[in-house]
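First comes the structure, then the notes that go with it.
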Amino acid sequence: MQLSTPMQTAPDIVLEDLSLDFAGQPLFADLTLTLAGGRTTCILGPSGCGKSTLLKLMAGSPNLDFKGRIRFEPTTDSTVAWMSQNDLLLPWFTLLDNVLLGARLRGELSHEKRAKALALIREAGLTGYEDKLPTALSGGMRQRGALLRTLMEERPVILMDEPFSALDALTRVRLQNLAARLTVGATVVLVTHDPMEALRLGHTIVVLGGAPVRVLEIIEPAALPPREAGNPEVTALYASLLKRLMNGEAA
Amino acid sequence: MQLSTPMQTAPDIVLEDLSLDFAGQPLFADLTLTLAGGRTTCILGPSGCGKSTLLKLMAGSPNLDFKGRIRFEPTTDSTVAWMSQNDLLLPWFTLLDNVLLGARLRGELSHEKRAKALALIREAGLTGYEDKLPTALSGGMRQRGALLRTLMEERPVILMDEPFSALDALTRVRLQNLAARLTVGATVVLVTHDPMEALRLGHTIVVLGGAPVRVLEIIEPAALPPREAGNPEVTALYASLLKRLMNGEAA
Amino acid sequence: QKLTVLLDWFVNPDHAPLFVALEKGFFKNHGLDVTLIAPSNPNDPPKLVAAGQADIAVSYQHQHQMQVSEGLPLTRIATLVATPLNSLVVLKDGPIKSIADLKGKTIGYSVGGFETALLKVMLEKEGLALGDVKLVNVNFSLSPSLFTGQTDAVIGAFRNFELNQMDIEGRPGKAFFVEEYGVPAYDELILVAASNRLSDPKLRAFVDALEEGVQYLINHPDESWKLFVSGDRASLDDELNRRAWKDTLPRFALRPGALDHKRYTRFADFLLKEKIVDTVPELEKWAVELR
Amino acid sequence: MNILRPLILTAGLLLLWQLLVTLTGAPPYILPGPLPVGHALLDKFPLLLSHLGTTLTEILLGLALGTILGTGAALIMILSPLLKRWMLPVLVVSQAIPVFALAPILVLWLGYGMASKVGMAVLIIFFPVASSFYSGMQRTEPDLLELARIMGAKPLAVLRTIIIPSALPAFASGLRVATAVAPIGAVVGEWVGSSAGLGFYMLHANARMQIDVMFAALTVLAVTSLALYFLIDRLLDKLVFWQPKQGIQ
Amino acid sequence: MNILRPLILTAGLLLLWQLLVTLTGAPPYILPGPLPVGHALLDKFPLLLSHLGTTLTEILLGLALGTILGTGAALIMILSPLLKRWMLPVLVVSQAIPVFALAPILVLWLGYGMASKVGMAVLIIFFPVASSFYSGMQRTEPDLLELARIMGAKPLAVLRTIIIPSALPAFASGLRVATAVAPIGAVVGEWVGSSAGLGFYMLHANARMQIDVMFAALTVLAVTSLALYFLIDRLLDKLVFWQPKQGIQ
């Protein structure tokens, strides 16, 4: 399948002095971070440190009451695609219709979109399930559906929250490659708990930790992603990254 | 925290000639498999191959129309604890109440149970969140809640469906150790997509694959779990297991 | 000419002259195309005539006077039933032998105001006051409330109707007629039209046709009955209506268009005295003989 | 679907009815037993059927219109919180106005034809639909709305694709209530003034103490209501196809 | 909560009312304007209040009893599919029986006291509650029930802990409908036979052609309905605390 060219220049995402409280507890306090445009940034960090919340902030959620600035540079609008941590498939739509949700919501359904959706479904190993309702799909199949729906959006900014967590090793690699291919040139923010995944897919790897959360480390491997798991740079970085992660917030 | 002694002898789980169709497609066809009593069996297999369904069958779900026999040997009743792939926390209960759900449902709430639940919550790194509703928890925190709820059950048979998939590396190891400690002596069936997790925790590792699904491989490492990630046996097995998994159903 | 008449209630023998005139073609002879409509709330038809929704409504003299007192632009143009029908009814075999026996008893009624005033006068005649009895609005079910012993007497029962009904059910009743207990005689059923439309010649034509209907009815009661229960009114052909028919015949106004000024003023004064109405306009404003 | 079950059910209900009459000792002019009513039913069958025709038309029209207006009102309220603040009190008050106050107004505006009767039926039917549908839409999963917002969805598309389907189970439950009260809606409508219909005929029979006939008409109404209810129930189950109805134990 | 808003709302609604009167040209004996009604309201205020007392008691008793019976019926139906098959038709039919058919029966059994009015109110109120609550319970997430089964839960505990909370949003929506129809339930109950209450007083005023007084009583009833509705609405929002009510856009 051919990669569709990214439609707009992919912007940087600039977070400045971000502060947010939940129930009086500060989750972010003056967090400042810039994510490079057109690159894939993988975010790692302990469970509950605020990764999903950060993604929602970048997606411009109107329900979060934060202080500070979140900017896209250059400014663009309607530029974000978001894959949430839970799949959010619509139970009344088939897999295909769910994958086509964005197009339908924007009134852009077309023969090409359908063809593209079907091709993606095939690539994700879901052939034969196009007309199944989400209740008839396994957890990993649902996650793949949600991923395809996000990839269909072809946005310059793509936010993905643990997109491969429910997949077996083989399917995971296949979909990682698919995602990497389809998001070339876009600003991708990918939250994951798998350091190997981060090292394979990220131009940049940001490790978060602490409370309120701060950036513990930023890793920028030399080779371009997607990298092979056997790549010596990856292997070397993996050991140190894992060690860092296993040391916890204290580090 | 001290391990409470398993209450009954943990039975073998015997599956004989199991057949099950979904929408005319055979998911299982004459599947036969015995899971050793008192041991931890980790199940690996491609997404959608039927792992969750298998767990539901072992849990005795009355909604699945299967052929064949599923027996516990020696026969015991009300012996199963089940952790589903999605967390199934009750939105109207706090984390603590959710962890205590089983006790409440059986009318066994007691001071000891509360104390134990609080201790588990502390061990899972959730102190301070006891009185939060699930909506105020992150994905990984919810998953930990569901895991604790399952561990509270102290059943001779424990079925867990990807219990650590939403956790970061450090939290994951901590909870794996916690789970391993609390389930010593029980028959544990643990579905996972992480071969390292399987190798760390399983007495036996069962690799499923193909359609209808069959047992591709059974691995029984010599050392007793939980094994260290650095353990040479684990490292050796990991490479071959990963290769096997990456080869897919064809193998 | 089209002419819509709203009845006071479901079709019953009280409306006999109207249906005879309709079936015999008397209306048609006078150039009228008459539609008769039955409502289920007797209060509404006059209001709707006042509002121009229909030409003529069947009303009650007391109700008409209350409506006039409240300022509704309505005028009585003819009489259908020329005597009171209202009565106080008790079970024949019950303990109430005279009005005086009602002391401390429960009395049911369905129309607030007027019926309680009638009762008051009747009780006072026997030395009781309204406070000596317990009143309860039983709305839809006069005779059932008697039968079940929930009430000891009911006011508002029609002598040509409820009495027969009770008889048929095997629980015969006994009626105390209001006009025999101090209530001045009045017309039970009258016809009213909007005051500003009285000069419309079709109203007079209607009254004339109605008079022909009454005449035919009195002269040929049996043929009239057949006309009454013809067509889609076949379901009216039952024991109760047959009996009611007989009892109602002598009560129809033989000169529907005629107006007894003195009788109307006397009853109006009675309503005024009993505070059922608080004003009585000049008679010409609310009751006329059409020219 | 067992063919025997409805038969047993009917027989059982008739028995219950007879039992009620016998046990409470209700006299026949208040609550006649199934036998005399059955007799009256057979006796007046063609007449009853013709009245049923009128009432059924009113029921169906009222149900259709009430559902349309109810969903319409719910949609307006969900789309505009401002309009909602003004509409909700009016809707609530509309439920508290008794027939006899409303009947003359309706006749004044709609005349004595079918319109005023259907109007009255609509008034009774639309509130359960509007209220349930509105609550249902209000309970749409916020994350789905967030997803739609991020996708740059058109408001109408969000409504059609996400909000309305989310509310369909609640809507179905409201429509079930509406269907159950629809027959009484039509009957009450007939109090406005009419010359046909089961409600009219019942009032009529009641006024003449033909209690057995009234109960015969009531039986026809009851059977119609049941048929309608179970028909709509079936259809609604199809509407919420992704959420199969299940027993609890 | 803005203090001004209810004032503006009230003024607006009164204006709407006047507009309706003016625009449709409804004569004052059919639909009086707010001014004469306001006058009558002030005039009869103490009397209206005392009648309101009676009606309010009926409403509250009816609502309480109707809710209890409604939830009870729903619970029975969810616990026993067999009983449900027998009860549901009876419940549906109970909604299709008009007052005048029921009134004598109710009076026969319950007398002319408060009981028969409350009985009538209950009959109108309980169905929306029963029906919504039942649908809500039926829509309990099957996996939660499966979890409870595996946990060896006691049936009553499952009900209390899982099924009932799952159904609370639906129950709340049913109770909202019930609250809106509760006042008419009480008024209809007063038609059964009464000597006090707003419904009684309205009938009385209507019969005496005191249309302004009738509308004054109606206004009192409407205001009471609104107050009750918004009160219960608040309480219900608290009941479903884990699902905050949200606007859609």
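The letters A, B, C, D and E name the chains in turn, as written, and every chain counts its residues from 1.
Heads up, the rule we're going with is that contacts are C-beta pairs under 8 Å (C-beta built on N, C-alpha and C of every residue); 3 or more make two chains touch, one makes a residue touch a chain.
According to UniProt, the chain labels map to these proteins: A, B = ABC transporter related; D, E = Binding-protein-dependent transport systems inner membrane component.
None of the values given here were measured: they were computed from a predicted structure.
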Contact distance in steps, from chain B to chain E: 1
Third chains touching both chain D and chain C: E
Have a look and report which chain pair racks up the highest count of C-beta pairs in contact. D-E
Averaging only over C-alpha atoms, locate the centres of chain A and chain C and give their separation in whole Å. 83
Report, in whole Å, the distance between the mean C-alpha point of chain D and the mean C-alpha point of chain E. 16
How big is the gap, in whole Å, between where the Cα atoms of chain A centre and where those of chain B centre? 27
Cα centre of chain A to Cα centre of chain D, whole Å, reads 49
Two-or-more-chain contact residues of chain C, please, as numbers and ranges. 43, 47-48, 51, 140, 144, 148
Can you tell me which residues of chain D touch two or more of the remaining chains? 30, 100, 104, 108, 142, 203, 206, 243
Give me the residues of chain A that touch two or more other chains. 86
Can you work out from the touch definition every pair of chains that touches here? A-B, A-D, B-E, C-D, C-E, D-E
Of all residues in chain D, which touch chain E in the complex? 5, 9, 12-13, 16, 24, 26, 30-31, 78-79, 81, 85-86, 89-93, 95-98, 100-101, 104-105, 108-109, 127-128, 131-132, 135-140, 142, 145, 155, 163, 169-170, 172-174, 176-177, 180-181, 183-184, 187-188, 199, 202-203, 206, 214-215, 218, 221-222, 224-226, 229, 243, 245-249
Using the touch definition up top, name the residues of chain C that touch chain D in the complex. 6, 9-10, 12, 37-41, 43-44, 47-48, 51, 53-54, 140, 143-144, 147-148, 165, 168-169, 235, 238, 240-241
Sites on chain A touched by chain D in the complex: 56, 59-63, 78, 80-82, 84, 86, 88, 90-92, 101-102, 104-107, 133, 135, 153
Please output the residues of chain D touching chain A within their complex, sorted ascending. 141-144, 146-154, 157-158, 161-162, 165, 168, 241-243
Which residues of chain A touch chain B in their complex? 22-23, 44-48, 50-53, 85-86, 125, 132, 136-141, 144, 161-162, 165-173, 193, 195, 242, 245-248
